[in-house]
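Here the chain labels run A, B, C, D, E and F in written order, and each chain numbers its own residues starting at 1.
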Amino acid sequence: MNKKILVISDAAPFDGQRIRESLDMALIFAAIDQEVSWLFTGASVLALTKGTTPSSLGIKDFFKQLKTLEIYDVDNLFVCEHALLEYELSTEQLSVDARILSFELQKSLINEHDHVVTL
Amino acid sequence: MNKKILVISDAAPFDGQRIRESLDMALIFAAIDQEVSWLFTGASVLALTKGTTPSSLGIKDFFKQLKTLEIYDVDNLFVCEHALLEYELSTEQLSVDARILSFELQKSLINEHDHVVTL
Amino acid sequence: MSQLIISLHCGPDAHDSLQCMNRFVQAALKQNHTIKCIFLYQDAVLHANQHIQLSSDELQVSSIWEQLSSQGIALKLCVTAAEKRGINTQDTGVFTVAGLAEFAMEVCKVDKWVQFR
Amino acid sequence: MSQLIISLHCGPDAHDSLQCMNRFVQAALKQNHTIKCIFLYQDAVLHANQHIQLSSDELQVSSIWEQLSSQGIALKLCVTAAEKRGINTQDTGVFTVAGLAEFAMEVCKVDKWVQFR
Amino acid sequence: MSITVHIFSKPLRYYSNNFNLALIGERDKILLQQDACYDQARFAATFNKNLYMLETCSIARGISPANLVTLIDDLSWVDLLVASDKSITW
Amino acid sequence: MSITVHIFSKPLRYYSNNFNLALIGERDKILLQQDACYDQARFAATFNKNLYMLETCSIARGISPANLVTLIDDLSWVDLLVASDKSITW
């Protein structure tokens, strides 16, 4: 049975391992051939900005994996329009191709999926 | 050396053990004869409302200890005025005697203490 | 009757969340639904720490898990989340060490996935 | 020169906070200040879990603590917070099990208390 | 349109960053559990229908249901989730 | 009046519940570390003086300091705290 899974992130980039755990969750569903979408909302949109170099803090750079998600068939990336405004970000400042969604469109996104997980 | 310690709580009543850990911190400084004040701000003011019976959830009722703080010489309890407004609470609804402080007065409170810990 | 899967995301200090999850599971069993498994992810893997010591008037966290296990519910924990947090994966008591892939495959087979955070 | 005391409040999954604290400690030592102790409270007691396993390209959390310990800094953890979270207080590696009272008495003797959450 | 149960366990203010009324569909349900019960007034002012609160959680907090808030027991809680298409634990 | 260093490690919105500009004394300092650096613009709009940001934290996030924000290295960070009376890690 093919399922449509939506992962929603809202944590700041270095808030524990939360973005990392969202990434693992998205990748694992893709690996078992499910349709995965990932919505970045709140401070999690900051994880998509260019120029992040966690290695300078001695921390593993898992952010670079975000740029290669397409290879793993996680090609539905979405960002919350409101969150971009909150942090004054334009799509040019993001390191990935992601669709910008209003809350109204996020409602439709939720509607289309079988399971939604917030991490 | 006598120190003045201010404990600031902001967690919701059943958010992990955070109120409990604030309580332990306040009590321990009182036990070693330091002057302790405790400021409840944000959702932590809800921990002071009457009628909480955690035992009906199988959880230890440490909230009742809040009412006996005076015995342990933690007699400086403060609540954030803004937080009371946020949750539409009046002092009659609180289970303890606490002074209501505006943010301006909280600034003075911080000013008077040697160490401030947020839990 | 529905097939349900539960994921828990909070550590053993969150007594209220644990009790809330437990009440849901007990009510679901009473209604003859099936609980495919309870999966511990993020800080919830810390429930597999085998030395939880609480005074007798506290919620006895480990006996809740023992009861759930004795009711035949599969209790699994995410190995990666556990290793990152220093859990001894050789000594996890009633919990079975599992990969995220195993959990994900079970999610695909159930009707509802309910998260407790 | 000042006497400083540090309390850490976040678990071993918070690599950024740990590194931030470590940088502060190293800079303080360089400036010849004294670090009275680093006290683990709340979720930070989980750093004493003795089985943290991370791949080689990850921040090696335990080597940071070993280095701090070898620099002569007292590393203490709150026994109550540890017992609630299932830490084996008989096996805490470089960390010394302490009561909250011991920490509070040290706080009274220092110039500055800096929290890392 | 599918039916989603939106689950809250903390006061509404905790979600101000990532949550908005526009996310709730016409037939969606809102479920208040744990510490979200304390903030039922604000939830009721924001979502004026399909608002449910767990009886056990609210009793333990000394809270009686406000207008527009339907109190449910544990069995009805399971029914609510099983009868919907999915849930989101915010 | 004593001098307090107010330490933030997350975007300002995380503190909306318990924090207010009125808590900051005339001579107090604001220190942005970790993920608070991402939100320097909003911090700078709220606190227009005595605003410091850790260089190492901001570089790792690809952030250059905005107007009104003073970048400090680790040694100056220690100096800032030692020269003040106390700190609050919000």
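Criterion: a residue touches a chain if its C-beta (ideal position, glycine included) is under 8 Å from a C-beta of that chain, and two chains touch if they have at least 3 such contacts.
To keep track of the chains, here are their UniProt names: E, F = Sulfur relay protein TusB/DsrH.
All values reported here derive from a predicted model rather than from experimental measurement.
Annotation of chain C and chain E: jointly contacted by A, B, touch as defined at the top.
Counted by C-beta pairs in contact, the busier of D-F and B-C is D-F.
Two copies of one chain, chain C and chain D, touch each other, and the residues they use overlap strongly: the shared fraction of interface numbers exceeds half. Ranked by separation of Cα centres from chain A, the top chain is B. Between the Cα centres of chain D and chain E there is a gap of 39 Å.
If you average the CA atoms of chain A and of chain E, the two centres end up 26 Å from each other. Shared contact sites, meaning residues of chain B that touch two or more other chains, fall at 14-15, 17, 42-43, 54, 57, 86, 115, 118. Within chain C, contacts with two or more other chains are made by residues 11, 13, 16, 42, 84, 113, 115, 117. Each of residues 13-14, 17, 34-35, 56-57, 86-87, 89 in chain E touches at least two other chains. Touching chain pairs in this entry, ordered by label, are A-C, A-D, A-E, A-F, B-C, B-D, B-E, B-F, C-D, C-E, D-F, E-F.
Of all the residues in chain B, the ones that touch chain D in their complex are 1-3, 5, 17-18, 21, 24-25, 28-29, 31-32, 34, 115, 117-119. Interface residues of chain D facing chain B in the complex, by the touch rule stated above, are 7, 9, 41-42, 80-81, 84, 100-101, 103-105, 107-109, 113, 115, 117. Those residues of chain F that touch chain B in the shared complex are 1-2, 4, 17-18, 20-25, 85-90.
Those residues of chain E whose C-beta lies close enough to touch chain F in the complex are 13-14, 16-17.
Looking at the complex, you find that chain C touches chain E at residues 2, 4, 16-17, 20, 23-24, 26-28, 30-31, 33, 111-117.
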